[in-house]
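There are two complexes below, and they share subunit A, which is joined by subunit B in the first and by subunit C in the second.
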Partner chain A sequence: MSRGETAESLQIAGPLQVGEPLLPERISDITGLGEFGVAGELTAAFLAAFLVGNLMLAMTGVAGPWAKRKITAAFTDRIAVNRAGPAGLFIIVADAVRLLSKENIIPEDADRPAYDLAPIVVASSAMLGFAVIPMGSGVQLADPEVGLVFVFAVAGIASLGLVMAGYASANKYSMLGGLRAVAQNVAYEIPLVVTGMSVVIFAGSLQMSTIVDAQTQTLLDLGIVSIPAWYALVNPFAFVLFLVANFAEVGRNPFDTPEAPTEIVAGYQTEYSSVYFVLIYLGEFLHIFLGGAIIATIFLGGPAGPGPEQLGIVWFLIKIWGVFMLTQWLRSAVPRVRIDQLIEIGWKGLLVLSFANLVLTAVIVGLIA
Partner chain B sequence: MSTEIEPRPQDVDVTEDELEALIGDRAIGRDDHLNAPGFVINPDDVQDVLFDLRDEAGFDHLSCLTAQQYQDRYESIYHLKKYVDPTQEVSIVVPTTLDQPVSQSAEPVFRTADWHEREAFDLVGIDYEGHPDPRRILLPETWQGHPLSNDYDQTKPQLVTLSEHENPIQPDHVDSESDTMFLNVGPHHPATHGVLHIKAVLDGETVLDVDPDVGYLHRCEEQMCQQGTYRHQIMPYPDRWDYVSSGLLNEWAYARTAEDLADIEVPEYAQVIRTMGAELCRIASHMLALGTFALDVYGDFTAVFQYAFRDREVVQDILEDLTGQRLMFNYFRLGGVAWDLPEPREEFIAQTRDFLDELPAKVDEYNDLITSNEIFQIRCVDTGILEPEVAKEYGCTGPVARGSGVDIDLRRDDPYGYYENLEWDVVTEDGCDNYSRVLVRMQEVEESAKIIEQCLDLLEEWPEDEREVQANVPRTLKPDADTEVYRAVEGAKGELGIYIRSDGTDKPGRFKIRSPCFHNLSALEQMVQGEYIPDLIASLGSLDIVLGEVDR
Partner chain C sequence: MRFEPPNVTEMNEWIAVGMLAFVGLLIPLGMMAVSYLIRPSVPETSKRATYESGEVPTGGTRIRFNIQYYMVALLFLIFDIETVLLFPWAVVYLDAVESDAVSLAEILGPMLIFVAILLVGLAWAWRSGAVQWARSPFQVEAEADRP
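On to the complex of A and B.
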């Protein structure tokens, strides 16, 4: 797509604050780092990435040791952590110390360095995805034209990490988990991407900011309230498809077969302990959040919400947490499907439906245009 | 087509004379038990006689095999019953000499004899000729001697090291050329319900063969019971077999057997309390079965597990009020129960009624959450198939057999306690799959609630001066020497039977436990062949085994 076409399609899609600075540019402006040339720009970019990365890590820190426990407890008539600090919040610190001070046990036959690299790959692949997500309030690290493809591509790297963890652990349960992870990711990545493409047909662009802007239009005006043209409302069918494929992609219930405690112990992560365990868990939570971020961006209007525009990031985080809550709800209430059933649902069900959705969307968009 | 249908041999009542005629010359003597005619046969005739009894006389249930050593001989006793009518019993006694304890294996006749005879070999030391798999079952393979034989030195400890024992993590014991993978499920695994080790052979995710390795929890409960006096010292042990809240059901197994042996009459009032207590235990046990099965299928400690435990907790509180204990009740006594309902009586009854009133709503909740969930259905319907004929061959009883459409329930078929006088139904399902077994347990909870309701009505109206909780039983019980009895009750998991031979003292000469879980577990290999790993786990969960009872 040439530059001219992009601009044209952007104009069609809606009002665009052309030239709105990205986070690294803002930082370089504020701190004056821009004056130091490329080195300054680079430092500013690092600073920005550091901010966004830490925001995500902090969210994971809250989600893992505390929120997950509290949410599950609420679903299952329990109280969960309530001793350390207000509402048990200090358990986060206690757990961090506990997990990091544990002995890192590495199996004798582990295939190193694959065994050591796997947790890093799993965690970092999710982190990379956040680079192109527009989080509102001007928080976006980069806005390439191929934003959506970039997100899917880097999130897909996680499968590699899972396979590495699976075979490098020299454990049969890990092996089974690793194999399941690949089979599952292959089966669900295609419907995921194809359904994502139907949004691209609407927006006419792969660029994240364009997709978000396209959703600021009004779908229905009901006098006092006007319903925005979020793609979840424009095409709920695609939204549901994407949601399902996303849960399978990040391996959450009812599709958590690669881990499947009670069946294959803990799947690919059976042998990991201490810091590696933390990294793998970090990766899992980051993947849930990244999944939530993608859903929020391409279906729920990104940072859009009532109130001033500065509140964008708050709305965005609320949407991510909404998706996280949904995963926890499913975890508490829905049985796990069997691995063969999972593959069947992927190849025979979701794939067909997602292509049908793509064709349908193309036809409708074509007719209207 | 002829309208006259030849009646199946099971449906025809067999008299003792007919049995005598059937066995004929092969009987070299009689050794009658208290409740069953006993025939002594030669070790070479075992299969012959058992085939005849199964095919001609319809004894299709090898309920128990007791092995024991006398001063001058070894003895294997096959306790046979009929699935249609468990009150029809016959015992086949097979003596073998001390210097050559070899007896023909009954495995070709009854598949369940496989594990029975392995246990007999393991603990007593009788060899079964023609047995397909003559290994130890409860003790480690390197164990020296047979603990229940007379010449075994029980004071000498044995160190059985891992290196001597078969290495559980040795890479492959299967053909290295083959495409299969050998996988140890357990002894430390999230879904083995205790310490169970399943040696599984897999082809990808498909299970080709499983071999359950039990015995990690073996304490030789039989030996411990043989060292206790009938009157008081044995009753605490049954609580420790099936320790997940089936305590009173287990105690009843011993109480019934010992009361038969010593000819003790139990007052009706005590029987009503026993019945109520036993059914409370059954509800608690089935709740736990439901919760853990959901855990196996759902994959996490989910809402269903917690709800099941929440409701089980209420039952536990009631049982605690009644017996003073939450886990090891020790509430039954020979001739009755330890004490009457707790005071204030009205409060206890009201509290129990409250639980029963709330139960239907809770069962509806379970049905919403579990049985009507579509994912649960695709996971459980048509998996872990156990055909009724296979279930009988493997000696399955209880909810496992009833989930395969085998209509057997000792509470109805061989009545004891106060069950005869109460209104309730035996639940069966014809699905033969994991789903049916869940349905059976859930409906049995409702039936148990019905029974408790009626017991409460009775207890409430029972005249105050007739509330006799214990019969007058002598302080020391010494049943006549060489009286033998095998008696069973319907435990939460199935037929829980006990064989006792008295030797004239105040302690049993031989105490043998027939554990329902042990036999239900032996059917696992039939249920999971060709299924996927997740179904192996689900099927194991649907059997609802408790390793304390499997290993004893």
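On to the complex of A and C.
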């Protein structure tokens, strides 16, 4: 490429680039895969998806065997894993090997195809949600206009997997757990989506990048620091509602009744062992992180934070780990609600409050604007 | 000067979404393959018995289950469709308010009526005890005692 051409392409690249290039496009640029037509596109998209998928896998790897134990231990004044590696971090490898090398015991009455498919459904549906999340530093796989609806829809698939697991195990605890899981997801899905809708009123778009961009405006200027218009600060009521509905949707304390260990052993995962257990566990952690990612994106400014823009992904990870810490805090500090209380909180409390929030937000926005 | 597309290749973004779905399947399948290679298999019938806290399993699992909660499933369907219908309204709301072409009552009114109708439905379900996990026996008796 001659010097003249480079200058020309640089000139043109400026005004034509509407949004930031997405991760697959960047990868095809860096590697030169863009020149190979459809095959190159597919390879670049695969590489980008592989990167994002494994980033999430690594995060669940740190969260599940290590961080969860350490946090719970800190709350109950213990030390937890500290033998292998610095701060016991190598327990992740040990646990992965230990769990994968367990014998896979399949109950004799299990419905085979459904029993085997359920862990895959739970794990991969949670993974798919990350496709539209803007993680900062240019790490975003896709940015469709229906982003927010897509992520809600994909996150909802997991309850199908939970019912499959609960029914196919042919175990009474699993059956109860599966039914509880679907009742809970049904009860909290509407408050979650309706509260998310009140954010759409502010942003005027379902596209994730637009929602993040809208939060970069300044809410308050305090001289030295200017507070950004993160929707958690603009509408704290919606933020709290969304947090509560989110914990119920991903089945975390105090709403972990579908797998309440003191009542129904482990709920829908009672009969799962070995790699299937790992996959269901993986799906649950991915769901916590997906919930955290949605919260970070629509309420906490996504990858926004002090410092240069390249630090975006660091801030994003800090935010979703913050949500994860909150789930673990609640796990140690808040008692579990009963299943009938859970249903009543959902249908009689959160649903009504979320509609109140939507109507009030619409009225206030209408009157101010 | 003719505008050439910038150096950055434009791709259909759903390709990447599809690829993440593929990777999302590949990772569980890969873990299952690894596990298949390293795990032992010691077949034994009593091991595969349904877990009932160590007792001998009694009765089947596919029992009849309280059907009362199906009302809530119907309610969920209605509210879910309602959110689908409300999303387009939420997207255009701010633009419509700022455009001054239509009055606020015209933008807000239909949505308020829509939500109000559904909330009446919720109130009915609430009163008739549909949005409960199960009716307690006391409640049923109390209703039966009514003149």
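Methods note: the second predicted complex is superposed on the first by the 352 of 369 C-alpha atoms of A that agree within 3 Å, B and C clash if a C-alpha of one lies under 4 Å from a C-alpha of the other, contacts with A are read in each partner's own complex, and residues count from 1 in each chain.
Heads up, the rule we're going with is that contacts are C-beta pairs under 8 Å (C-beta built on N, C-alpha and C of every residue); 3 or more make two chains touch, one makes a residue touch a chain.
As the structure is a prediction and not an experimental result, all values here were calculated from the model.
Colleague: Have a look at where A:Thr76 lands relative to subunit B and subunit C in the superposition and call it first, second, both or neither.
Modeller: first
Colleague: Touch check for A:Ser332: first (subunit B), second (subunit C), both, or neither?
Modeller: first
Colleague: Kindly classify A:Asp256 by the partners it touches after superposition: subunit B alone (first), subunit C alone (second), both, or neither?
Modeller: In the superposition, A:Asp256 touches subunit B alone.
Colleague: Going by the touch definition up top, name the partner, subunit B or subunit C, that contacts more of subunit A.
Modeller: C
Colleague: Now for A:Pro119: first (subunit B), second (subunit C), both, or neither, which partner does it touch?
Modeller: Second partner only, subunit C.
Colleague: I'd like to know which partner A:Asp340 touches here: subunit B for first, subunit C for second, both or neither.
Modeller: Both: A:Asp340 reaches subunit B and subunit C.
Colleague: After lining up the shared chain so the two structures overlap, which partner does A:Lys172 touch, if you call subunit B first and subunit C second: first, second, both or neither?
Modeller: It touches subunit B and subunit C both.
Colleague: Taking the two structures together, which residues of subunit A meet both subunit B and subunit C?
Modeller: 172-173, 265, 339-340
Colleague: With touch defined as at the start, can you tell me which subunit B residues reach subunit A in the complex?
Modeller: Residues of subunit B touching subunit A: 181, 183, 189-191, 205, 294-303, 305-307, 310, 369, 373, 375-376, 378-379, 532-535, 537.
Colleague: Subunit B touches which residues of subunit A in the complex?
Modeller: The contact residues of subunit A facing subunit B are 75-78, 172-173, 176, 253-254, 256, 260-265, 331-341.
Colleague: Using the touch definition from the top, list the residues of subunit A that touch subunit C in their complex.
Modeller: Touching subunit C from subunit A are residues 9, 12-13, 16-17, 21-26, 28-29, 34, 41-42, 44-46, 48-50, 52-54, 57, 97, 100-109, 119-120, 123-125, 127-128, 130-132, 141-144, 149-150, 169-175, 179, 183, 186-187, 189-190, 193-194, 197-198, 200-202, 204-206, 265, 270-271, 274-275, 278-279, 282, 339-340, 342-344, 347-348, 351-352, 355, 358-359, 362-363, 365-367, 369.
Colleague: Can you list the residues on subunit C that touch subunit A in the complex?
Modeller: The contact residues of subunit C facing subunit A are 3-29, 31-32, 34-36, 38-42, 45, 47-53, 60-62, 65, 69, 72-73, 75-76, 79-80, 83, 86-87, 90-95, 97-98, 104, 107-108, 111-112, 115, 119, 122, 125-126, 131-134.
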